[in-house]
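Scrolling down, you'll hit the structures one after another.
Common to both upcoming complexes is chain A, partnered first by chain B, then by chain C.
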Partner chain A sequence: MNPILRTFGLAALGALVFIAIGLVVPAWFLFTMTKAVGFGLVALGLVGLLRGGLLSFGQGLYYCGGAYVSGLMANWAGVTDMIVLLSVGCIAGGLIAALVSPLVARYRGIFFAMLTMALSMVAYGVLTKIAAIGGSDGFNVPKPTLLGYHLAETGFGLYAIAVVIAALAAAVCRVHFDSGLGLIASAARENELRIEYLGASVFSVSTRSFILAGGLAGLGGTLNGVALGHVDPFFSYWTTSGEMVFIAILGGYASVTAVFGTALVTELVRSFSGQYFPESWQMLLGIFLLLVIVFLPRGVGSMWAKPAKNHAIRSIKEPAT
Partner chain B sequence: MRNFVKFGGLLAALIAGTSTAAAKDTFKVGIVTFLSGQAAQSFGVPAANGAKLLVKKLNAGEVPAPYNTPGMGGMQIEAVLIDEAGGATVQVQEYRNLVQREKVDVVIGYVGSGDCLAVAPVAEELKTFTILYDCGTPRIFEDADYQYVFRTAATATQDNVGLVRYLKALGVDIKTYAGIHQDYAWGHDSWVDFKAAMGRIYPEATVAAELFPAFGAGQYGTEISALMQRRADVIHSSLWGGDLQSFILQGLPRGLFRQAQVALSTADHVLPPLGNNMPEGVIIGARGSYGYMAPESALNTWWDAAYREAYDNVVPVQGPYRMAQALLGLKSAVEKAMKENGGVKPSSEQLSAAMTGLSWESPAGLIEMTNGKGHQAIQSIGFGRTQKDKDGNIVLGDILHFDARCVNPPADKKSIEWIEAGFPGADCD
Partner chain C sequence: MSGAVLEVKGLMKSFGALVAANNLNVEVMPAARLSLIGSNGAGKTTFVNMVTGYLKPDAGQVKLDGKDITRLPPRLITRAGLGRSFQIPQLCEAMTPVDNILVALEIAGDGGSVFRPARTKGSLDRAVEMLERFGLERYAGRPVNELPGGVRKLIDIAMSLASRPRVFLLDEPTSGVSTEEKFPLMDKVMAALEGERSAVIFVEHDMEIVTRYADRVLAFYSGEIIADDAPDEVLNDPAVQKYVTGTAR
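Coming up: the complex of A and B.
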């Protein structure tokens, strides 16, 4: 069977299973899962960057960009259709990333991380100063609709949309990561010089991953802005970006589905520890992160998605046997 | 894979463990305030301490009349405390968890205006009675109507209108004035209100400088130099918490507080930590008749003593007072609703009906839900000026109170329009 068709088939099956799960779980859990998808989408973009050896600490910028553009469109133009809002948010995130990419795609490592973070903090600073769109308090986003229908108050409609988006994004990323273009990114992580000698451009590889990550972040921002009903400059704050990096690292880059799981688990751990230990929840969250890093150093995704053949690890093991 | 199964099992247990049904005779209140981050020390933790204390005393029936019946309408209060840190995104989610997972009967919370703005529509969607106990922005009830959302403290308008009236009452001569505020909505809104009020009460005075250092800047050397160079008669500031303490400690050795009359709109909470490091002659607001400026009453005497006894003789500042007025308002509303529904636990609709337009006594005086169609409180406000007592300790003197209707807009007016129109309908006797 065609591997691309197989991937999309699996994604469709997964989406159906999760929509069915959505019919039985309590309302608060639906909302938490919806929000986890929003974060997971951003983390998925980070996974794409991580595969190419890039770590962005500023995905909040594209997340915030998507949320603001779609939120303002809903407020000012009265467009509340989720399909339109999600498309607009995704394009907004991708466009901002495309504008930024010529500048940042030339950098690597800590310089790349710091530069992306600086840009997101510039956006944070500017947004807090614009009183017309609420300044640091942000603004509320009206209730979403789908093809003219109001989404149910239970949150199931939005959850179903989130699941479909997540499945679609995961499938697209899987296909992209396994394609020639996607594999060059992984090769660039191992040896940039060799990639250039082979005739590929590391710059355009980085740019592509960066714009993809921007688009996914815009999608996630739109979804969360609508789900929360409120958008504020905190979306672009560095701690928001940091949270997404955590989710991506916890998930690892072996799997395209792990990030959604780790986003959900992070949300649940934070929420429950926040409720039962309101004065020490940060410590519990920290212990949880440490445990995952110590026992699953290659991310939660490494539990089910074994990387095809990892030469670096094999070459270390071989002399021992 | 085995790890994964274990992981799933743990999660399932976690989710299942939370669906414990609430007992019949308890009234479950979600309380949300800052327990970590910059606003924790100044506002959140004192308010949470106040809540814990008052809930204990209410349950034991030890609060003076008219609150001397146990719990709320006989039901024991069960408080669920949540940290407000993490921004509006996290708060919307935690609000949903409180209502849908923890099945709380009501939620009291939110210091941050952004959190209040974000949570209010969700409260409406989930049809859950919610009290915003602290946040200052007038936008909440001026921009929208809510059925289930109430705010039991006055907006930030009175802080700055009251401050200008206090300057006038003290007879401070003002030709120029300057402002230093944090660069976020609270700082900008405070300065807009203050400038508008100055324009009406001191129409001749001009602005010498407006400075907006970043939130949490901590270093104010440049700003202090700028302020000292401009030589304004009055320096107005809405700084709070660690930022305000830094500003005071850095301005003190440079003589800033001798050169100009400094007027701080929300500074009562830095008096306990600063103690005698606080300069003399600084005007202090508390966002209400709180702490050092609280009116004399049996209720306040009891509250002040109970708080000091529970928390190492620390003076209760605005946080605990605002929490107390929310909890006592809730108790009044619950008991009023139960009188009307035959004594069963009231629904959110019955509570909303009971709370609309309600007024009740708090340690800080009478709280009246007159504005925002009966959803927004007004209250009296006090101001004072620091001075040394005979032992050389810093205390507050020149304490004056302004009536709620003197510093708050009438029910049908938006705050800023009311100030700019010259306070029509203000009753200052």
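Coming up: the complex of A and C.
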């Protein structure tokens, strides 16, 4: 079977299973899962960047950009359809990333991380000053619709949309990571000089990953803006970006689904810890991260996602060492 | 038209007061086997780096198949048909030789597509076939950072040849390789290039390698070419013996 079709088939199956799960879980859990998908989408984009050797501490910018553009569209143009809002948010995130990519995609390592964070903090500062869009308070986002129908108050409708988006995004990323371009991006992480001398542009490779990550962040921002019913400049604050990095590192870059799991765990820890021991929930997350780094250095996803097998070379005898 | 596949005219490069390349003029014909010799700092690597786009010359021109490639970035020079390997192999260290070759084949093909999986049976077969040309198939599935120096050199060379360059530059292919391995290594490289009509330019310090594999030698000294002829002629040149090989009586 065509591997691309198989990937999308598995994604569809996974989405159906999680939609079915959504029918039996309480409303608060639906909300938590929806929010986790929003964060997971941003982290998935970060995974794409990490595979290419780039770590962004400023994905909050594109997350916030998607949330603001789609939220303003809902408020000003009265468009509340989720398909339109998600499309607009995704395009907005991708466009903002495309606009800044000529500047940031030339840098690597700490310079790239700091530059992306600086840009997100500039956006935070600007948004807090613009009173027309709520300043530091932000603004509310109207209740969403889907094809003219209002979504149920229980949150199931939004949850189901989130699950479908997560499945689609995971499938698209899996196909991309396993493709020729994905392999070249991973190789660029290993040795940029070699990639340039083979005839590929590392700048183009980085730009593509950056725009994809921006689009996914915009998608996540839209979803969470709608789920929360409110967006504010804090979406672009550096701690928001840091949380996404935390989720991405926990998930690792072996799997495209792990980030949704780690986003959910993070959300649950935050929710329960905030209620029972509000002063020390960050410590719990820190311990969790330590355990993952020690026992699963390639991330939680490495438990089920193994490195791609080169089937053609299985029969070749290994040399004696 | 001179028929040369690579033409270098009046190439100049200085680093402050140090003249690393002084009016270098070279023509390389298709299928030539050209060796660059010279002591350290003579200008061989500067020449290779300027031709392959790593360094921009202060003056002069480099033409490949009649096309000016002087100030193009390395990736466009590679795409134009000039490949290179490195003195220190430039590999994707955590990947296997097969994946390294797959990367090279992807880039040499259409530059990689998002709609085509990288690891299909066809692409893996081609990668293994490439490794077989260099006798590397038994190392196919191990991370390259675990492999011996000679094997790493050959993977580096195999990657560079994936694009089937018209001119292929090897920067000290036998450096860091044991005495027993150096001839088999060069034999494999030359065998892999048979029938390709690629011109091969290799920087080399080992005169046994030079006399055995080159049909023409350029001797560098102080940023200039002091001899350009057949290996025997160049190695018997008094200036070369004095400044390069150190065999002058």
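Simple rule for what comes next: the second predicted complex is superposed on the first by the 308 of 321 C-alpha atoms of A that agree within 3 Å, B and C clash if a C-alpha of one lies under 4 Å from a C-alpha of the other, contacts with A are read in each partner's own complex, and residues count from 1 in each chain.
Here is the rule we go by: a contact is a pair of C-beta atoms (placed from the backbone, for glycine too) under 8 Å apart; a residue touches a chain by one contact, two chains touch by 3 or more.
What you are looking at is a predicted structure, and each value in this text was computed from that prediction instead of being measured.
**Student:** On the A-aligned overlay, A:303 touches which partner chain: chain B = first, chain C = second, or both, or neither?
**Tutor:** First partner only, chain B.
**Student:** I'd like to know which partner A:3 touches here: chain B for first, chain C for second, both or neither.
**Tutor:** second
**Student:** Kindly classify A:191 by the partners it touches after superposition: chain B alone (first), chain C alone (second), both, or neither?
**Tutor:** Touch partner of A:191: chain C, not chain B.
**Student:** For A:199 in the superposed arrangement: first (chain B), second (chain C), both or neither?
**Tutor:** After superposing on A, A:199 lies in contact with chain C but is clear of chain B.
**Student:** Could you say whether A:181 touches chain B, chain C, both of them, or neither, answering first, second, both or neither?
**Tutor:** second
**Student:** Do chain B and chain C touch any of the same residues on chain A, and if so, which?
**Tutor:** Dual-contact residues (chain A): none.
**Student:** Which residues, counting only chain C, touch chain A once they are in their complex?
**Tutor:** 52, 73-76, 78-79, 83-84, 90-96, 98-100, 102-104, 106-119, 121, 124-125, 127-128, 137-142, 159-160, 162-163
**Student:** Applying the document's contact rule, which stretches of chain A touch chain C when the two form their complex?
**Tutor:** Against chain C, the touching part of chain A is residues 3-4, 175-176, 178-184, 186-187, 190-191, 193-201, 308, 310-314, 316-319.
**Student:** Taking the touch rule as given, give the residues of chain B at its contact with chain A in the complex, in rising order.
**Tutor:** For this pair, the touching residues of chain B are 1, 3-4, 7, 11, 14-15, 18-19, 35-36, 80-83, 87-90, 92-94, 96-97, 99-102, 113-114, 117-118, 121-122, 125, 137, 139, 183-186, 188, 215.
**Student:** Considering only the defined contacts, which chain A positions touch chain B in the complex?
**Tutor:** Residues of chain A touching chain B: 26-29, 31-32, 35, 128-129, 131, 134-140, 153, 224, 228-230, 232, 234-235, 237, 240, 265, 267-268, 270-272, 274-275, 278-279, 281-282, 296, 303-304.
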